[in-house]
Structures are given as C-alpha cells and as structure tokens.
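Heads up, the thing below is written out as structure tokens.
Labels run A, B, C and D following the written order; every chain starts at residue 1.
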C-alpha cells in the first residue's frame, strides 16, 4: 500500500535510501515507532511517499488509516545511498525491498545515469508498480514460481552475469538471504555493492544502540551508520 | 533544586542508554534546558556489547540487551567530553564495570573532568555476564563497590539500583551507608521474549532488560519503599512518558526523575515533560516544586 | 497430560482469584473443557479482605489489593464444594494463610474432599499484612511451610511462587526439596499507582499486585530460569492473553499455564486459548502437546 | 452522548439499573472493560441505549466511535432496581446518574405508577434529555448556580419535604456525596431508599472481588450483589 504524506512545511533534502520513523496509531499492540524506507519524494508538492507491506501490527495499523489522517514522523534518517559517482548501476530488490528503489532510480536518472532494475518475488503478485519503475529504467523480473519474468531467484538472472562488465555498482535491498546471495556473487567481481539493512530499531537516531550490525570495524548502528552499507564493511 | 549538592534547574534528567551523549537529540530540543543528562554506560575498556538482535518490543515496553556497548572511558574523555563540555546542564556519566577495580579506575578518570559534576554508578545492568547486576543484588557487594568508588570519586555519586531484588530498601540503605549522595531507581527488569512461531528467543542473549510503561507501577512502588528507608535523595525512573508520570514519582518520594524509553517514542519528550511539570505546578498553585517531593497524601 | 500425577485434558487452567469458583463463568463457557481451574484463595478463617478501592488500572495491566477476601475453608467445604463437585475437570483450591498452622489446618480440611485433586499453596500473596508473600521470599520459610503442608496433604501439592525475589530459582529448589509436586509462577508483582491530580494512592492499601500483559516478559523469564533449576513441572502464568502467549510459556518450560487477568477482559478466553493451542499444534504438525514443553530453540 | 447499540439477536430480559461491561476500542491507554449503566431498552428493535459522559480514556474512546462500529458487551449485569411493589417513587439523580433513570422511569410507568424525577446538576448544561424525561413523568430540577430549575442541591428541593408523605420509595443514582446526603435525609423518614453505586470494576461478574462496598453484612460485590443497594444495608 502506498502512503502519500503531505508535509505542512517544505521537505528537507532527502537522500535515496533514507527512512522515516513513524509513530503508528495508538494501540495496545505496538509501542515503538516503525522504521519505513522512503519510496519516493515529491518536492514540488512537499510529499513523501511510503510503500508499506502489512507484515505485523505496526504496518497493519498504518494500512488501516483513513485518508486525511495525521502521522507523526521523524525523518530523514540514516545515510542513504551515495549516487554521486555512479555510472552503470544495477538496482536489485526482493519483496518489499523495492520500496527505496523508486527514489534511488529517479535520483540516478537525474544524474543522467541509465537505470536497470532487477526485482525478484515469490510470484507475480509480489511484483508491484512495474509500470512506474519502467518509466525510470529497464525492469528485469524473476519469480520463484515463474508466474512472471524469469523463473528462479534474482541471482540466477542473466543480468547478474553482466556484473563487473556492464555494471560497475550494485544497490541491493531485500530479504537478508537474498542480499547475502548477491553479496557472494559480487565478491568475485570488480563492482561496488551497497546493501540496505532492515534491523529492528528503537530510537532511529543512534542513541539506543539496539539496531547494530556487525562490521569489520565493530558493531555499527543501522539507523545512523546505515541503513546502507558497503558490503566490504560487513562481516558477511 | 538541590540534589544533595547537585544543583538542577528542574527535576527532569534523561536516563543512561536512552539519550546517547545528548548530541543525538540536539536536533529535537535544547538539551541544556533539562535538569541533567546521564550519558551512556561507560566502562574502563571498550566493549562491543551483545550480538544482534538486541531489542524485543513487548506490550507497553521493550526489552533490550545492548550489553554496555561503548568505546571505553579514555575515548569518552578524549573525544566525547569536548563535545558535551558546553552543555549548560548537568552531564553525568553512567559508570559500569565487571569488577571493583574497573569501577574505581573509571570513576577516577571521570573525577578529573571539570564539567562532569557527577556519576551514576550502574550496579544494576542485567545485560552483562560479569559484574553489572550482580553488584546490585546483594547488600554486601553493593556496599563494597560504592565504598571503593567513594574513596576516589569526590563529586556527586549517584548509584543506580536494580529492581531484580527481594528488598530494594536494604540495598538502598547499604549504598547510603557506603557514601552514595543519591540513588536512582529502577534499572530495567530482567525479562524475556519468545517468538512462538520460530520457537526461538527474540534476543541473542535470551533474556534482557524490560523498560517502558509496563514497569512503571513497579518502579513507583520501589521509589515509595526506598523513600521510607533512606535520607539521601532519590531519582525515580521507569516508564515515565508524561509529566503526570513524573509528578507521580515525585509524590512517591523522588526528588528528580529520569526519562528513558520515552525518548525513543518522542525525541523531544523530556523538554515537553519539563513544560508539563511547570503547567501542573501552576494549575495546582504550587510555587515550589520541592514541595511535591514525597507529598503523597496517605 | 500428566502434571506429576495430576492428569490434565489440556494445559489450560485458570488462575486463582480471577475465575471465582468457576460458577461465575458457567454462562460463558463449558468450564469442564479446561485442563483445570484453581479456585479463589481460601484461608482457615473467613477474611473480609482490604477496603475499597482495591483496583487500579494501569498500562496493559491492573493492580489489585483484594487481600484474600473469602469465607474460610469450612464455608468452602460446606457450601462451595457441592457446587463444583460435578465439574469434569481438576478443581484445585488455592490455599493461603498467615502462619504455618493455618496453612496446615486448611490443607488438612481440603485433603478430605474427594473431588479436589490438588491444592495450590499460595506463599506469594502481596496483599496481606501477615504471612502471604513473606513465606515466598525466603528459601527457609518457603521450605518450612511446604514441608509442614506436605505432612498432611496427600494429593497434588502445587506451590505458587512470588516474583518479588532476587532469585526465584533458589525458592523453587527449596520448595521442590520440601516435597512440592509442582510450582506455579508468577504471582502478581508488588506495584503501586498514584493519582497525580488528587495526590493520593489509587489503592486503599497503597501498594498491590500487578497482573496482566505488562508482567508477561518478567513471568516468561522466571519460568525459563526455574525450568533450568527444578525437575518438578512448572505451571506458567502472568499476562497470558492469547494462545501464542501460552505457547511461549510452554516453550520456556511450563508444562501447563494459568489464565488470569485475561478472564476479566473476555470471560470465555480460557476456552478460546484451548482452541488456539490446538490450532497452533495443527499448523506446526505437532502431534503431542508435551513436545513443546521446554522446546525453546536456543 | 447516546450510544444506540443494535443487537444481532433478541435482547434478554433486562432489569432497570442493570449495566453492561463494554470493551473499549483497542488503545494503549485502556485495558479493562468499562461498566456503563443501561439508559434505555428498545425490545422491538433489539436496541440498547447507553448514555456516556466523557470522563476518562475509556469513555473518550467510546465517544470517538463512528456510526456502524461494533462493540463487544457483556450484559445484562448486576441486580437492578426492584420495581415490583413500588407505589409512589421519587427518582433522584445527579450528573451522569440520570443514565439509568430513563429505563427505570419507563418500567415504573408500565406498572401504572406515577413517576417523579428530581435531577440536580452544576448548571443548566448538565441537565440532559429533559423533554424525554418529561414524557415519562414529572421532572423537577435543581442547579447549583440556579441557571435552571431551583437553585441549590437536590436535597434542598421542595419535593424532598414530601418524602414519607407523598413518596414511599426513593431511587438514587449520582455522585457519592449526593447519594449520602439523600441517605441522611431518608433515614429519618419512613421510605425505602435504593442507591446505585458506581465502583471501579474488573470482571463485572463477581469473580475478582475488586468492586466491593462495605455493607452491614460485610464486603459485597457492586457488580453482582449491586449495583443497587437498599441504603439500610450500607454502612453509611
């Protein structure tokens, strides 16, 4: 589900891959804010767009909101993807990991970079917003059951063969197993690979140290030192 | 307000481990408007803390298992202290250790820092294998570590008590007799979360520390008990989310409060609680905030 | 299921003080469909309990200060026992006292009742001035009262433990060595509520016992700890509201569970939890419910 | 605010003065059900009507319900008022205590009993549904500020003088101080007096023993042995 959020004031500069911490509607079932990645940004109309999949009580309560509801957000949080020196990127996502890829794709396109998306899902119903992504770049898809695109995992797609040849950098967001699988492939190629992690968070601003991931230089906060990490820094 | 020598502009402080070094909250509020901030648990040597996952959300609370991740007291003195030097509020350092000599050495280092008017001695962290809570669950060990630190630490010595005890008043009395200037309570309650679908514990450490509104009624009771047992001031904490919560702790006997988990829900909450307390005092025609301390009508 | 001799048709029982004598719930469910019911705390002599107010609602929980109001064991035997005689489930009586001889005399009387297969010895009530929790907060006194009751009570002897202790495992071990057939945990957590506007405690007794989801993470941790310490079966309780909650307690080591405060929110909840556990077992292809006891994957 | 609740099945027999235990909408701020007295019953359409004044989080969340919402009720609870042998009753209520008086008044009227209401409030804005009550019986009002009816408390109204003369029984619901004040007056007269108490409750069915009141025969549950008590039984 898309949440289109109208800001009462001008939006700050937002990097692709950054996220919001949203206060979910009052409920006995949720307590903490929920980190949700920014799907798209409309600076002209001061709108943030979030893509929310119902997975737990927090996202469920967000998906039950009626039009016109008010949300309390802390944003923009995290480092985001660095798009400054990217020339030939492949944007790989699985499942709800497609969320940040729209704004990332648009940001790259704005830099006159050709954008290629490679998305994987269990079946065709898991592939969302295909037309919108095609407006931004080329879209390749895989499904595990073959109901759309190439059958199999993203790591089995022909575009993966072009890593280090046609692509110099990879941006990945999705289930941890999929990101690790992509990581294993890129390790053998001469490409930079950024992954966006999704750990459980409390504060979102680097204060509580709950969301850490293990890196070559010790525990790092996914909320402030991530969510985007160069795969070389992770202990994968 | 005078907390046994520590002068607070208002009774609202922030709890260690929930407010980073204050710097993380500069975007959301004027940190110097608070009565004090208690910065992250600091140990003699750097600590990596526990593996991920360190967090379980539960009903009206959270369980954490951070395990005192910090870069050690030397790093604090060299790199963090200059950044917090100019806060116009009391910056207290929460000090942890796995043996008495660690506590003492860390306290000695912090004693040298001109703009740190006090430490909060953490004898109640449930998330470390050695030391931590073990010191805070018996009168003898609590007394020993406080006496040792008192020898070297010349400024305000606050001791943070564990709720995971049969009789918190006994521990408070032991700590008072060992020379503590104040006690803060409660630290987190040892707790556990399980995912019934995966049949696994949610935390890497299986158990962790419960905080948030879920523990407020327990914290309030312990503040009330301790206020009957000791003469040194009490700093109350545990699930405070609103100014009314803070007032309740003060009525129960706390001279000041610490805001913890609420900082994660609303990063500007501690400043809002300061404003809410002022509003409460005005509504009730109370001119001196000190007059509500222990003011419960029974 | 076999709880050390007590045969349960399923692991769901109801907690003392939350289910009356079962009769109050006949309109809402088939009480005999449960694994067992544990009826109200019964003492040797009638007790009027504490004055009103006895209840404070808090975040995800409630604090009660009923104080063991009951008409005494003679009244129970004469007037209540005939009414619960025909339930086709285990009717256990929760037994409280203010001294060892009271516990013993009460247990002796209940030992004579043919259709009462066990008692739950309450050494953990926080709401009475004498006895109650005092017995459950030291190993020595816990052991003494259980040993004394064991002398006269020949059926299933379950002992209900207090969470208000530093080390619940020690108490469980003491109780086991004294001859208990099982332990149930946790009783309520000593807590307090204050009305900041009136500046008064909410309860007539100032403090009371906290129950409900707020204490579930604490209860789960204690069940886990005790399961590592004793061999007798554990009955887990504390804030169970759903079948998933019940499963969590069993994974942590409980052989059965008690549903308490949830009965106030939904008077048919315990029967729903029985159904929910069956559903869970089917979804996970588990044929024997006993196989999830202590089945936490760590 | 009036809550009109449509039952999916036929209503059971409901005594005046009985109450419901209602589950309030999910919120972090409430936990237990809320006892609310039954204002009126429409057996023809299987409707229960509750009169709810916003006093705390529970009643606030009920007043925020939108039309068509579903509520979970346990009812009918409590003993209710005994109207069987009443000939000349005075129904006294203060504030939100008027809630049960409608169904009580209608039940008495059905028995061909003349109904007299004596309601008190702080000011005229606290006097609700006057026209509806007048359809059932005579309505006398007092307000503390004199903005409607007689100035003063209900105990100062002229009708009180007729207790034991024109009235043989009194039914009272309202703030505890007001009920005690009425109680002090009736003690010296030859009238029966029933009061409806409003203690904080958990279960509502006599299981938890939280809502007790002190009576001449010990603690009694307001939920099952009340909420209506003969004043002679109370330790007032």
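Quick note on the criterion: a residue touches a chain if its C-beta (ideal position, glycine included) is under 8 Å from a C-beta of that chain, and two chains touch if they have at least 3 such contacts.
Remember, it's a predicted structure, so these values are computed and weren't measured experimentally.
Common partners of subunit C and subunit D, by the touch rule above, are absent. Chain centres here are Cα averages; for subunit A and subunit D they lie 57 Å apart.
Subunit A and subunit C have Cα centroids separated by 48 Å. With centres set at the average Cα position, the gap from subunit A to subunit B is 36 Å. With centres defined as mean CA coordinates, subunit C is found 34 Å away from subunit B.
Multi-chain contact residues of subunit D (touching two or more other chains) are listed as 28-29, 31.
Shared interface positions of subunit C, i.e. residues touching 2 or more other chains, are given as 58-61, 213. Contacts between chains close into a ring here, every chain touching precisely two others. Applying the touch definition to all chain combinations yields A-B, A-D, B-C, C-D. Within the complex formed with subunit A, the subunit B residues making contact are 17-20, 24-25, 40, 48-49, 51-55, 57-62, 64, 66, 69, 212, 261, 263-267. Residue ranges on subunit A touching subunit D, taken from their complex, read 26-29, 31.
Within the complex formed with subunit B, the residues of subunit C that make contact are 56, 58-61, 63, 137-138, 164-166, 189-194, 196, 198-201, 206-207, 210, 213-218, 220-221, 224, 239, 244-245, 247-248, 251-252, 280, 292, 295-298.
Interface residues of subunit D, counted against subunit C in their complex, comprise 23, 28-33, 74, 199-214, 218-219.
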